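A, B and C are the chain letters, set down in written order, and residue numbers restart from 1 in every chain.
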Amino acid sequence: MSVDFDEVAVEDVSRHFGRRRAVSRVTFRVSRGMILGLLGPNGAGKSTLLAMLATLLRPSSGNIRYGALDSSARASLRARIGVLGHDLFLYPELTARENLAFFGGLYGIADSDSRARTALERAGLDARRDDPVASLSRGMRQRVALERALIHDPRLALLDEPFTGLDDASTEALLARLRSLRDGGAIVILATHDLDLAEGLLDHALFLREGKVIQAMAAPGGLRATYRHVIGRS
Amino acid sequence: MMLRAIWLIVRKDLTVEVRSRELAYTTLFFALSCVLVFAFSLVQEGRAADGVGPGVLWMAIMFAGNLALGRTFERERQAETLRALMLVPAPREAVYLGKLTGIVLLLALTEAVLVPIVAFLFQAEMLAHPFWLISVVATGTIGFAAVGTLFAAMLVRARSRDVLLPVLLYPITVPVIIAGVRGTVAIAQPEFDAEVVRFWLTLLVAFDVVFVTLALWTFEPVMTD
Amino acid sequence: MTKWFFYATLLCAAMFAISPFVIANAPYESTMGLVQKVFYYHMPSAWMFLTASVVCGIASARFLITGDSRHDRTAWAAAEMAVLFGLLTLVTGPLWARKAWGTWWIWDARITSSLVGWMIAWAYLILRQYGGPGSEKLAAGLALFGTANVPFIYISVNYWRTIHPATTVVPKLPFSMGFPLWFCVSAFTLLLVVLMKLRVRVAEQQARLDAIYLSLDEEA
């Protein structure tokens, strides 16, 4: 029942909530081994777009295709999608290891406990693995949340503002992790405000405002200048 | 996959509960406070009115159950973990059944304390036929929780969810409270009539089957945006 | 508005205007006197309440299965009708009951079941009003559960208490008692249809307005 795909195609996708159009006729394509950045001010529709890519929301119109599959194969697609949300998706009363083992099990991983340990070691959190998540600092929780999102080796990784509240060391670690994900053949789509960080990281960038794609750039440089030019100071 | 997912969810809920013990204690305490309030309302001249025991029991179960349901899903709202559960490839019905099992266990724990206390305070001879009593209370609780789990999950992202849950839940669970109370009254009768108890028990079992099935069917469409 | 709707409204208004006279000409019921006449409004109201509830249940099921908003609009309108006609039933009932049985309220099977059903319809409206975005699906789920619940509510309340008169009152009536009843039933049915059409139309216009807003947004 294991599906896989080489690219994700978003075709003329819109999503509205009542009268408010959150995402308006967005089209783009990403393939394996690519990091795509969604850039834009608050309310631009980045989170909504990520939610649709994650199969949490259905587009009001348009289609999202994962290789040959479209979003009607939702259940099997979910096994290949990893999401790091705004809120961390972690149970505060459970330890880091328990959180990872729990979600690992739900993603169908047989030896979820040892996988959890490996993931925590890689994140440098092995020492705190048996501490409740509530007792960890924000940066550490973010790292655990990232490992939770990636524990099942997803083909598509979706991250919403992953750099929020991270210190330098954690930021470096995250950047390295994302790069190694990309090099391992995953598709990474992340929404971020942090233009300086995005600068060295992204392979492609989409600038969004009020739900629409204002500009798409390949191999982007000079993001801050482009951002100001395209989106302005509003 | 399904069974494993259900087991993981139940185990997770139990672990969280054992660590914090918040739900068990507050639900139990709330149920007992209800009983106390009813006692003061119904006792006249130092004696409880005849036959109010079963009614008090079921009222306490329904109020405490409502609270427990709200709190359980409030927990899943904290770090948006319910969303995370909707993202896993395991069938969503497993999430429903897992949460349902957790709630039923929590309420069973509460009832284990509540039933004897109500029996003593209101001089109701409920404990005379423990097998029947357990059956009636169990099937009633499952029916209430089956509907409640679905509604509480539905309402997680809604506005005014705290007040909407009882508004939606109580009219729909009217058959449960009627059957539960009448069944318990029949058990507490001095001349025990198994026919009557069996009738109410059958009704409760039918309710449970129909509504768990209905909830399983509607969980996916209702939770999908 | 279409022609048929205009004529239907006219006819409905006319029927209601005439109905007091039709009812007045019906024979005086021996034991109850004038108050018995309330029955001619009470019965049809009850039937319309039931019809509206059934429509709401079916439309909700179709909405959950297909996701088509037309069914959702129908369901919401039907729920409002159910609350309206249910209220009418629950007000006219006690008026009749006071004379017939000596009390305002009786906890019998049919009456109590109707009360519970009415509260479920009301809960549906509360959910639509205060549930925030996304409450269409939730309300549909509630309606479905409410509909599935009908046999359970009826049976449980029935074996709890019962003294409502048998339904066979209607067929056994002599024509002079029967004609006013069927006249009122027709008037009420027409009223239900007219109101539903109006309400669904308002919802449709709202949806169309939303669509216009959205397409405007697109041009910008």
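Definition applied: a contact is a pair of C-beta atoms (placed from the backbone, for glycine too) under 8 Å apart; a residue touches a chain by one contact, two chains touch by 3 or more.
Treat the numbers as computed from the prediction; the structure is a model and nothing was measured.
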item: Greatest separation from chain C - chain, by CA centre; value: A
item: Chain centroid nearest the full-protein CA centroid; value: B
item: Interchain centroid distance [CA atoms averaged], chain A/chain C, Å; value: 50
item: Cα-centroid distance, chain A relative to chain B, in whole angstrom; value: 38
item: Between chain C and chain B, distance of the C-alpha-averaged centres to the nearest whole Å; value: 32
item: Touching two or more other chains - residues of chain B; value: 224-225
item: Complex contacts: residues of chain B adjacent to chain A; value: 1, 4-5, 8-9, 12, 15-16, 19-20, 78-81, 83-91, 224-225
item: Residues on chain C engaged by chain A in the complex (per definition of touch); value: 133, 210, 213-214, 217-218
item: Residue ranges of chain A touching chain C (in the complex, touch as defined); value: 16-19, 21, 24-25
item: For the chain C and chain B complex, residues of the former touching the latter; value: 64-65, 116, 119-120, 123, 126-127, 130-132, 134-135, 137-138, 140-142, 144-146, 148-149, 152-153, 155-157, 159-160
item: Residue numbers on chain A that touch chain B, as the complex places them; value: 54-58, 75-76, 78-79, 81, 83, 85-94, 98, 102-103, 105-108, 132, 148
